[in-house]
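Multiple structures follow.
In what comes next, chain A is part of two complexes: it sits with chain B in the first one and with chain C in the second one.
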Partner chain A sequence: MTLIAVPGWLESILPMIFVGFAGFLILAIGMKVDSGKAFSSITFVALALSLVSVVWQSYDPVAGSLVTFNPFNAYFAAILIISSLFVTFPALRNLTERRDIFYSLLLFVTLGMLVASFTMNLVVMFVAFEAVSIGTYVMAGFHKTRRALEASAKYFFTGAVSTGFIVIGLSYYFQATGTFDLTAVTIVSRIPLLTALAFLIIGFGFKLAIFPMHQWAIDTYDGSENSVSALLSTGSKILAFMIMLKLFVVGFPLLGQSVFIFFTILAILTMTYGNISALSETRLKRLLAYSSVAQAGYMILVFSAVAYAQYNGMSAGYIQFIVAAGMLYSLIYIFMKGGAFLALNSIGKENPGLEDISGMGTRSPALALSFTVLLLALAGIPLTGGFTAKAWLFLSLINVKLWWLAVIAILNSAISVFYYFRVISYMYRKEPLSGVIISTEKSVIVPVALAAAIVVALGIYFYVIYFILPFVGFLVGG
Partner chain B sequence: MFLAFIFGLLFAISLVTFLTGRYSSRFAMAGSVLILVLVAGYLLEVMQGYSGGITGKYSYPLNAEYQIFFSVGINGFTGPLLLAAAIVFPLSIYISLKEKYDGKFYGLMMLAETGLFGVLISRDMILFYIFWEFVLVPVFFLILMYGGEGRNSVALKFFVYTHIGSALILLAIFSLYAYYFSVYGIYTMQMSALTQPSFVSQIPLFWELFIVAGLMIGFLVKLPVFPFHAWLPDSYDVAPYPVTVAIAGGLSLMGGYGLFGIMLGLKSLFPALVLWILVGISIVSLIYFALTAMFQTSIKRMMAYASAGSMGFVLLAFAAGIMEESGVEYNLVLSGGMFQILAHAIIISLLFVNIFFIKLKAGTDTLGGLGGIYREAPVLSTIMLGGLLASLGLPGLAGFIGEFSILGGSFQAIGYLIFFVIFSMIITASYHIWMAQRTLYGPYNEHLGGIRDLSRPEMAVLGAVLILILVLGVFPSPLFSLFSSYAGGII
Partner chain C sequence: MMVFMVLAESLSLLLFVIGLYGVMSSKVGIKMLISIEILVNAGVLNLVLVAGSSMQPIILALMVIAISAAESVVGLSILVAIYRKFGKVNISLLKEMKE
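Here is the complex of A and B:
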């Protein structure tokens, strides 16, 4: 179905045009006026239009090697736009100066995400990825508090190192395959390919915050403003996940076993480390940061399972199922994690601890209920989207006979219940333990409640994965 | 169809209860009684001439292409359990009227009942699991928000403990699902498909053990039996009385349902060694809980252990029944186990309701603080005594039927190990009697001041439950034949 009568090539890049144009528009307006409301509204409209044009496209095959427009890519593009949409209005709350810059940055970051989504070429992907990174370095330190600047600096330095790793990995990859186009890979030489694998896992692993490369994430999510943390832990992370999905599912076809071993070790370490560290954490943002490390661990189980299925010669149907589980996880993850970070906006204190949300249950029941739903989802309790996501992921592991990995994952998930429920139990304490103000403004509650509602809807419609499954065919041929 | 309607109605009632504000208590009471009436009527209708298998099955296709159904149904076992659940919840809501609770409390209670109904009627494995896990959430909040001292940590312990058990159940369900696909090339979560003998017998040994271990650990945590029981005494103790009644009477059905409703269909998966281990666990927990109960100072905690103790019988019946494979003993011991689950739910609810009234009227529920309350409150004491006698298995009351059938049926399978079971029954009987003697009879503890006896309406409600126990005790055959035809249908 075509929305507007435009030529095919224009229709395909329409989402990016909306976002990019709005970014420059805000910069231009910002020279004359400084109105947060106007900027956020323009951003919101542009993102919404972009989302609409992503979803309602016909996706006729467009010739060209640099960009690929297909439903699989569009799915991730939509997710990434949603993650930006979610922080658009909440970000306004703590912005005091140069709001035009912040919102144009947000739009340019989204533009980078879109470009990275709609390509199967590694160089284009890398450039877009860097565009996103640079934008988010600035956003992390935008509020110029001491903590935010420290967070931004840490993020920047580790980000720079990871860029180096990615570049080296790309060079080796080219040496091994003779191409940057992931869909046209023919392996020439194995040793450089293995080297490329190691470098690329480390490089992109930094952004996904998997175990040995995660420490920046804890400090950065902790130090940045809440909506920036939300964007970093959803959009930026899912972007890295998507790139890895394309890279390791399509780009390393004959390396099944090495990929499997690498990722299995990383996944186990990441989940376990994230969950165990979160157990003793009493600062809320750090707790959520550790939980998002653990969630990254669940996500990279996808790669283990795909690689295992590949080198055991299982049919493409299995691999498609696993990838679909990963895609579903990404979708649900942005709502539960983004919403959880945004819920912290209500606490009138920087760096809140567990005791600061005590009494939220009585002071702001709607917010407490929504936050509770999101935490339940992160813990994977049925009738929330978190259960849907985890259940299909674990099921796909069992499906390829990786039962022991599923046991480890599910025990991890059971451990995680402990710290999420600790937060909930603080929330519903009868007597507040500290005098921190808990805001009941609509602007805080609405995004969180919306996220919670979507999470519940995705939990009730348990079989949503069968809706996603057809998209995978565009990544992994069946 | 009507079953799905009852379930939907219950869910709607529980959601509306949250919004009814100060009318919520009356609304929840009326709603739960309405559900009781509907369930009872429905069962009378469909259970006529029941002869094994599933009745009242209703499937709504969610996705025809992938064979996904929202399917519900009951059988000769889950039907009576549904009735027991429908009896327990109005009872617990009734006693909550004596204290001040808000709309959230009643909403959560009704939500717990919804989840429990969902567990019992689901005929789709994933639906079953979703409700199984979902029940924990309202109960967690009930303990967290309304519990006594130490509620934060106890609520957490309750949830984490049972959640770990549930997680293993999920893995086992997935293994069944994945293996069914690799055998037949069809994805299905239908319970009837996943537990059909021709499929179950094809599962290779490793996956067999994996599935059995996952499901059994999950169900044994919920039941609970000896090494998995740590959540139980604290939760029963810290939860407010209405919630204790709901957990002890309602949620305890779930573990038993897991064994007899699901595992029985997979009985060919059990190696002999595992069955002997189960027998061992059940005997250890029978004795362990009886001995532990003896040393409790609070009657609430003592009854919590008594409740766990009766679950040892359930597990024994289950293991012994599978060992028998078929024949008269098979039917007898399995039906006895199912009867025990049902009788336990009603008896333990009556006991906790009674203890609640003792606490309400006398102001304490410790053994030392009470004494001789028969003098002041004869009706309350008599009903309490009735409950205790039923709980220790006095002939003529409901508790006896189950225990006797289990003893009689399992002798052939487990031989002289039965002496340990009888030994535990003696201990159980002695601490029940001893407790009655210390609290209800003997010299009156003058520190208590005057105690008011039960009022007329209270008398009527409690008396009705006691009469139900008596009726089940002297006239068990309708239920017994239902259970027996259900067990016979499994072979």
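Here is the complex of A and C:
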């Protein structure tokens, strides 16, 4: 179904035009007026239009092009746009100066995400990835408080080092395969490809915050403003996940065993480290940050399962099922994690601790209920989206006979229940503190409630994976 | 030719290690920025080495040069903001959050 009568190639790049044009428009308006409402509305409209045109495009194949328009890429583009949409209005709350710059940065970051999702070429992917990184370095430190600057500096220096790793990894990748086009990987020499594998895992692993490369994430999510933390832990992370999905599912043939060993070790370490550290954490944002490290651990199980299926010569159907489980996980993850970070906006205090949310159940029942649903989803309790995501992921692991890995992941989920329930018990069972304001404004509650509603809907509609499964065929043939 | 490739790739790896050591050992922001430049340029050197007759790595190398310039700009502005707040660009000042 075509929405507007435009030529095929124009229709395909329409989502990017909306977002990029609105970015420049806000910069232009910002020279004359400073109205947060106008900027956020323009951003929201542009992102919504972009989302509509991503979902409703007719996918004319553009032959021999650097960009590829297919449902698989559009799925991730839609997820990344939604993650920006979610922070559009909540970001306005703590923004006092240069609001035009913030919103145009948000739009340009989304543009980078869109370009990265609509390509299978590593050169384009790298440039778009860096556009997102550089934009988010600025956004992390945008509020220029002590904590925000610390967050931004830590994010910048680890991010810049990861760029170095990615560049050298890409150069070895070219040496091994002779191409940057992921759809045309044929000639392979093993030793440079193994080197490339190590460098690229470290480089993108920094952005995904997997175990040895995670420390910046804890401090950056902690120090940044809540909505920026929400964007960093959803959009930026899912972008890195998507790039790794494209890279490690199709880009490393004949190297399945090494990929499997690398990712299995990293996944187990990441899950366990994130969950164990969160158990003893008392600051709310750091707790959510550790939980997001643990969630990254579940996500990279996808790569080890795919590699295991590849080197055991299993049919494409198995691989498609695993990839679909990973795609479903990233969809549900943005609602769970984004909503949870945005819920902290209600607490009128910087760096809230566990005790600061005590009594939220009586002071703001709607918010407390939504936050509870999101935390239950992160723990993976049935009837929430978190259960759907985890159940399909673990089922796909068992499907390729990696039941021992599934057992480790389930044990980790069991550990994680403790610290999420600790937060919930503070909300409902403790007396409210007198000095802390808990906001009951609509602008805070609506996004969180919306995220919670979607998470519950995805939890009830358990078979949503069969809606995603057809998209995977565009990445993994068969 | 083979010897040249091995020597040149070792050079780029050496530059990479120097850059990495510089970032990890230094506490001064400017020094870390310079080390990151060395780190990224090691990658650029390696890209040009593996290019052979293909143009793709050369294009990526040019892109990386532009991107690393943009990145330095952002890094320097973060350091300027830190200088205005603290009066120093020493990264070790930034430890309000516990490790």
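The working rule: the second predicted complex is superposed on the first by the 474 of 478 C-alpha atoms of A that agree within 3 Å, B and C clash if a C-alpha of one lies under 4 Å from a C-alpha of the other, contacts with A are read in each partner's own complex, and residues count from 1 in each chain.
The criterion applied here is as follows: a residue touches a chain if its C-beta (ideal position, glycine included) is under 8 Å from a C-beta of that chain, and two chains touch if they have at least 3 such contacts.
Only a predicted model underlies this, so the values are computations on that prediction, with no experimental measurement involved.
> Who does A:K144 touch here: chain B (first), chain C (second), both, or neither?
A:K144: touches chain C, not chain B.
> Classify the contacts of A:Q175 with the two partner chains as first (chain B alone), second (chain C alone), both, or neither.
The second partner, chain C, only.
> Pick one for A:E130: touches chain B only (first), chain C only (second), both, or neither.
Second partner only, chain C.
> After lining up the shared chain so the two structures overlap, which partner does A:L376 touch, if you call chain B first and chain C second: first, second, both or neither?
First partner only.
> Tell me which partner A:W403 touches in the superposition: chain B (first), chain C (second), both or neither.
First partner only, chain B.
> Enumerate the contact residues on chain A facing chain C in the complex.
Residues of chain A touching chain C: 122-123, 126-127, 130, 134, 137-138, 141, 144, 146-147, 149-150, 152-154, 156-157, 160-161, 163-164, 166-168, 170-172, 174-175, 178-180, 215, 219, 222-223.
> With touch defined as at the start, can you tell me which chain A residues reach chain B in the complex?
361, 376, 381-383, 387, 391, 394-395, 398-399, 401, 403, 406-407, 410-411, 413-414, 417-418, 421-422, 424-425, 428-430, 462-463, 466
> Of all residues in chain B, which touch chain A in the complex?
62-63, 65-66, 68, 126, 129-131, 133-134, 136-137, 140-141, 144-145, 152, 155-156, 159-160, 163-164, 167-168, 170-171, 174-175, 177-178, 181, 210
> Where on chain C does chain A make contact in their complex?
Residues 12, 16, 19-20, 23, 29, 32, 36, 39-40, 42-44, 46-47, 49-51, 54, 56-57, 59-60, 63-64, 67-68, 70-71, 74-75, 77-79, 81-82, 85, 91, 94-97, 99.
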